[in-house]
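Below are two complexes that have chain A in common, paired first with chain B and then with chain C.
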Partner chain A sequence: MYDIQDYQEALTLSEAAETLARNPRMRIIAGGTDLLIKLHGGQIEAAELLSIRKIEALSHIEKMPDGAIGIGPLATFTQITQDPVIKTDIPILAEAAVSMGGPQIRNIATIGGNVCNGATSADSASSLLALEAELTLISSRGTRVLPISEFYLGPGKVDLRAGELLTEIRILPQHYVGFGGHYIKFAMRKAMDIATLGVAVLCKLETGNILAEVKIGLGVAGPTPLRCLEAEAYAAGKVISMDVLNEVGRLAIRSAKARTSWRASKEYREHLIQELVPRALREAIVQAGGGEIA
Partner chain B sequence: MRKKIAMTVNGKVESFEVDVRDSLLEVLRNTLGYTGVKKGCGVGECGACSVLIDGVPIDSCIYLAVWADGKTILTIEGVAQDGELSPVQQAFVDKGAVQCGFCTPGLVLTTTALAESGQEYTKDELKRELSGHFCRCTGYQNIFKAAEKAIETCRHDGSCGNHHPADHHHDQEKQEGSE
Partner chain C sequence: MAYTIVGKSVPRVDAVAKVTGKAKYTDDFFERDMLVGKVLRSPYAHALVKHIDTTKAKELPGVKAVLTYHDVPQIRFATAGHPFNLDPSHQDKADRLILTDKARFVGDAVAAVVAMDELIAEEALRLIEVEYEELEALLTPEAAMKEGAPLIHEDCPHNILSDRGFWMGNLEEAFLAADTMVEGEYETSMVQHCHLENHISYAYVDAHDRIVIVTSTQIPHIVRRIVGQALGIPWGRVRVIKPYVGGGFGAKQDACLEPLTAAMTLAVGGQPVKLNYSREECMIDTRRRHDFKFKMKSALTKDGKILGMHIQAISNTGAYASHGHSIAGAGGSKFRYLYAIPAIKYEPKTVYTNLPVAGAMRGYGSPQMVYALECHIEDIAKKLNLDPIEIRQKNLIEIGHVDPLSQNKIMSSGIRECIDKGKALIRWEAKKEGYRQQMGDKRRGLGMAAFSYASGTHPVGLEIAGARIVLNQDGSVQLQIGATEIGQGSDTVFAQMVAEVLGLPMDRVHVVSEQDTDLTPFDTGAYASRQTYISGMAVKKAAEEIKAKILDFTWGMTDIPAHALDLKGQNVVYKHSGEVVIPLEDVALSTYYDTVFAQPITSDVSNNARVNAVPYGVTFAEVEVDLKTGKIEILEIYNVHDSGTIVNPLMAEGQVHGGVSMGIGYALSEQLLFDPKTGKPLNNNLLDYKLPTIMDTPEIGVAFVETHEPTGSFGVKSLGEPPALSPAPAIRNAVLDATGVAFNQLPMNPQRVFEKLKQAGLI
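Up next is the complex of A and B:
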């Protein structure tokens, strides 16, 4: 039995927004795979829950005429893993989604929950950062749109204000069209494990074997998921070589704020960044139409 | 706080009040007596409590009972038909895939969902689909062989018996579960 004091079910978005406005203490529950575990562990007590599970408008995955891909926060990891648009246009998100938990968890856990819980180890986060996803947040006061990089404030802390609800994750065409990508989850087990490091890399090539643009998202490399802007700036315009890739890996460590936890030491995490960022970039180059690097 | 819900469990319509604090696992075991649904870790890691909800494997320990309103649930008690083992159960027997048996209900149900999907799975894909179940006797090799055999049998026969939850229109006597 969970320590639930109140449980409400919203059927529409406006109903959810009104209920939240009346009682900002209410916590939103969707898949429940994080929240119920926190309740089980006693990290949350006497929860007042607002379920958004029945709001059908929030589980879409669709490509708009302008090429933007809209993902409803209630889309499950299984849905994301299997969706043809995501598999074709932004496969690094499908790769990240299938690495999360196990099948039963993926069948119910939602991407909105993964984002809003703000864990640095959220498997979707590094891909969404590399894809420069935009988040639409609504409340009874109105709507705001925020780049995902500004959403993460600290460990488990996100810029979700009182009464606000995430209604869409949007990937704009300029952030994925023409890019090749690769995602690597490094963990101790192949399933049912939390990442020691998550690496999502996107790149775009120019003729002459040149890196036009590189975007690197890391999970568990700091208190929040983060981008490696210094390494990205260095990579832009460089002729592809193993030396350049290794330097990108070295510079990626400078953006990271790795720390020692019981899962891995700071030194080991930095070693992983140095190794896995070039490895992911190497595969991203192939995906973008470039050649294998000897 | 209580809410009235109605759900179909193993072909039988159940309508009753649940406490909003209850998990589906607690209701299935304690209210309805389906003790074939096992409580393992209680936090969605071990898969012992897996049931099929509208044909999809879900950990019932981290699924609120109120969410089951209007759903069709299949537990291990509903898999055998008229005393006959399903092809999936038979494959688990034939391949010696049962040791202590605690993980078996969940694994049989997940395998049933895979077999009924009609899809083909590579070895790697099948391992991934079974990865949400812990077997502490570590009988994984035989479990894997049983799942392979079950899926093949069902593909060959074009069906997996008639235990798809959607096909359950007749009332079915609840079987005695094992504690």
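Up next is the complex of A and C:
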């Protein structure tokens, strides 16, 4: 039995924005796969819920004429996993999406919820960071657009202001065209699990064996999902070799803020970063048209 | 032996009911004005309850009752699901109150609320004010046994619940005669059953002032007795009903919540009250498996013959005894049927700690013992530079062996054939050859482990079982058993046995699946892998009695002597030729309506089995270890079982799949974790407790070596628990083969493997 005091459904964006403006205590519910667990666990009491599930304009996945890919926050993980645009242009997001939960959860959980819940372990987060996604947020006060890297403020804390609603996740062409990518979810189980480490790596090659650009997003490597800017800067312009890859892995640790918990030790988490970042990069290179590294 | 229905993969009798949702589980029943019960749990691992103020909780609208230890009988009772023992010195340890005035683990029940709904009940729990006096929390057996440690239960010095072991043969002589000694230490983890259906029960007082409890249990007749004892009322005033049950694995071989549910209904004048534990509650306040630490020391000849073994074990039983006093003993007895070890000294200590209560869980001490033993045998083989399979073969027990302590006699054994079959299935020789020279980050290896077990508890426990059969007017029958179907398939197996004896098709045998202590024959329930073997004897006996009565009645109708008759294909036939004498339906109709001789045919039997049969088996596993991440992947795994005659091969295979999957979780990922300072549970939910999913479970190969056990009806031996026994050590031995590193602690999860490989210089 859930402690739900009020439940309303918005049919349009403006209705949702107005309802939120009237009652800022309302929490937005979409798939509910995070929220209901918090209710069950008592982290949220006497919930007042605003459902946005019926707002049709929020579940789109489309490619604009300029090549930008827009993803509505209500797009489910199943939808993302199967969408032809995502599978063709940004398969790294499909890889992340299919690693989340199990089929039933993927059928109901939304990408907007995954982002707004603010967990460092969110399966879509490291890929969206590496893809430098932009978030469109609206409220009765207007619209703002901000890079996803600025959205994460702390553990479970995001820059979603009172009355605000996420309406689109947008990936610009300069951030994915010509890139190859790979996502590794390292978890204790192959399904229904929380990542011990999520590693998303995108790379672009020059003349076949030079790394033109590398982007690395990590989940569960710190209190929020994060980019490994130092390792990325090092990689740019390097001729591909196992030594370079290993150095990228080593430098990636410097951006991480791993800590010891009962789930895993800092030492083990950092070892995994050092090991899995090069593994993901190796595969990303192949996806970008490069060769296998012996 | 050729049977018609025994040995066939007939569909489960409850399959349609379960997949259509028509099967009713405890939570599917509704009583008018049913209230909801909730439990207030101690936040401290060890604390005295100094004062409880329930005033505010009682004032909350919708609250019907608030109970504390003041409101429950001050009678200590035992919860273990054992048959009652008439000898007081062998009775279970009575160390529990329905609600306690001393919290002994985080989650111990100190108060309870009965309210109109769940939210009100939860609100009321928050309004109960408890004043605790914290005591030192003893969170390891070592801390609990140290001099001067506070006593968790006043009557158990050093917090030792039991230290009953055994010795056989002359160990000192064996040690003197040895060419080599091998020692090892092995440690298992705390795991939980994770049965699909959580613990749930509801209770009310009926019009005759009797307490009716509907509950998800493996042991309805035992629960009746325990509730009677806990409340200090005549046992006959309690009626226990067991509907469909969604799994138990031993966690429901215990009276976990029925006494409290009964106390709750009594507190509200007999109005129905439902107590439905959440998964989080279930994982800390029902039961878990004992974690063991073993020290083993073996005396060997240089060619690998085991002369003697010294086993020391520490078993962590947690806050209350439950089955704790029996489990170390059971683990120490069932492995003795595997290897002919002339001298064994077994010294277990079962220790109370301020952690959740350990009890029965699939294997009952044997998963721990088989793990330690089969790791140890592997270590012996390595040290003596002998083939690990040959050393096992060299020491196997033969048919005819009589265990000097239990007096159980081995009358059938397919262990050698199991080993041969497993070896062939996994292509042992070829793969071993291929993996000799491995480089790189991923290494493969092969391992195996063997086990022996038992069928029921004789001679330690009483093995009584009851069955009742009624012949209907149309020649079909109803079968009632005291044995409980909890998902393992016993109803189907019993129906097959009855169909076999009476020459009926399956659809003419109607099994009454529900147990009701008012109506059902007495049987102690589903545990110890006992039902097909033990309850099967009662079922066969009842069916044979029906058959004899039918043939006798037919004699009266036809003048053909009963001894010349048989039952086949729903007819009474001539035994010698099979020629039809009369349709069974005609006989059945006459038993009801013949104006002179009518006497409907029934049987109602009880069987006290004073025998035990030993099942055997092996696991063969192939693994790949990622040296860099510490992850272990099982590439192939086979379980080969000698469980006597296999009554239903498809269901038996399913039983093995479940057991192996449980064994894989035990080996690689499952572990209940607690804060080492406070004893607070860290992962009592299915996200953080790493029960393997189907994606983590490889294809499981299953094979049977069918022997004929003379003491079992139709030649059966047990299969319930055995599949879970040998996977963990087989996987460990495969990892040893792959990496050269011996992991002597469960589970072998990635971080632990990483740390150990790093220590070994492989990372």
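The criterion applied here is as follows: the second predicted complex is superposed on the first by the 293 of 294 C-alpha atoms of A that agree within 3 Å, B and C clash if a C-alpha of one lies under 4 Å from a C-alpha of the other, contacts with A are read in each partner's own complex, and residues count from 1 in each chain.
Simple rule for what comes next: a contact is a pair of C-beta atoms (placed from the backbone, for glycine too) under 8 Å apart; a residue touches a chain by one contact, two chains touch by 3 or more.
Please read all numbers here as calculations on a predicted model, not as lab measurements.
**Q** With the two complexes superposed on chain A, say which partner A:Pro24 touches: chain B (first), chain C (second), both, or neither.
**A** The answer is neither, since A:Pro24 touches no partner chain.
**Q** Looking at A:Gly67 after the superposition, I want to know if it touches chain B, chain C, both of them or none. Which is it: first, second, both, neither?
**A** After superposition on chain A, A:Gly67 lies in contact with neither partner.
**Q** Scan A:Met1 for contacts with chain B and chain C and give back first, second, both or neither.
**A** It touches chain B and chain C both.
**Q** Please work out whether A:Gly102 is in contact with chain B alone, chain C alone, both, or neither, and reply first, second, both or neither.
**A** both
**Q** Contacts for A:Gly154 in the overlay, against chain B (first) and chain C (second): which applies, first, second, both or neither?
**A** A:Gly154: touches no partner chain.
**Q** Would you sort A:Met192 into first (chain B), second (chain C), both or neither based on which partner it touches?
**A** A:Met192 contacts both chain B and chain C.
**Q** In the overlay, answer first, second, both or neither for which of chain B and chain C A:Pro84 touches.
**A** neither
**Q** For A:Gly291, is the partner it touches chain B (first), chain C (second), both, or none of the two (neither)?
**A** neither
**Q** Between chain B and chain C, which residues of chain A are contacted by each of them?
**A** Looking at chain A, the two contact sets intersect at 1, 3, 102, 190-192.
**Q** Which of the residues in chain A end up touching chain B in this complex?
**A** Spelled out, the residues of chain A in touch with chain B are 1-4, 6-7, 9, 32-33, 36-37, 40-41, 51, 53, 98, 101-105, 107-108, 190-192.
**Q** Across the complex, what residues on chain C touch chain A?
**A** 117-119, 628-630, 669, 673, 675, 682-683, 686-688, 690, 692-696, 749-751, 754-755, 763
**Q** For a test of understanding, state which residues of chain A touch chain C in their complex under the given definition.
**A** Touch list, chain A to chain C: 1, 3, 102, 186, 188-194, 196, 262-265, 268, 271-272, 275-276.
**Q** Which chain B residues qualify as touching chain A in the complex?
**A** 1, 3, 19-23, 26, 42-45, 47, 50, 56-59, 62-64, 66-67, 110, 128-133
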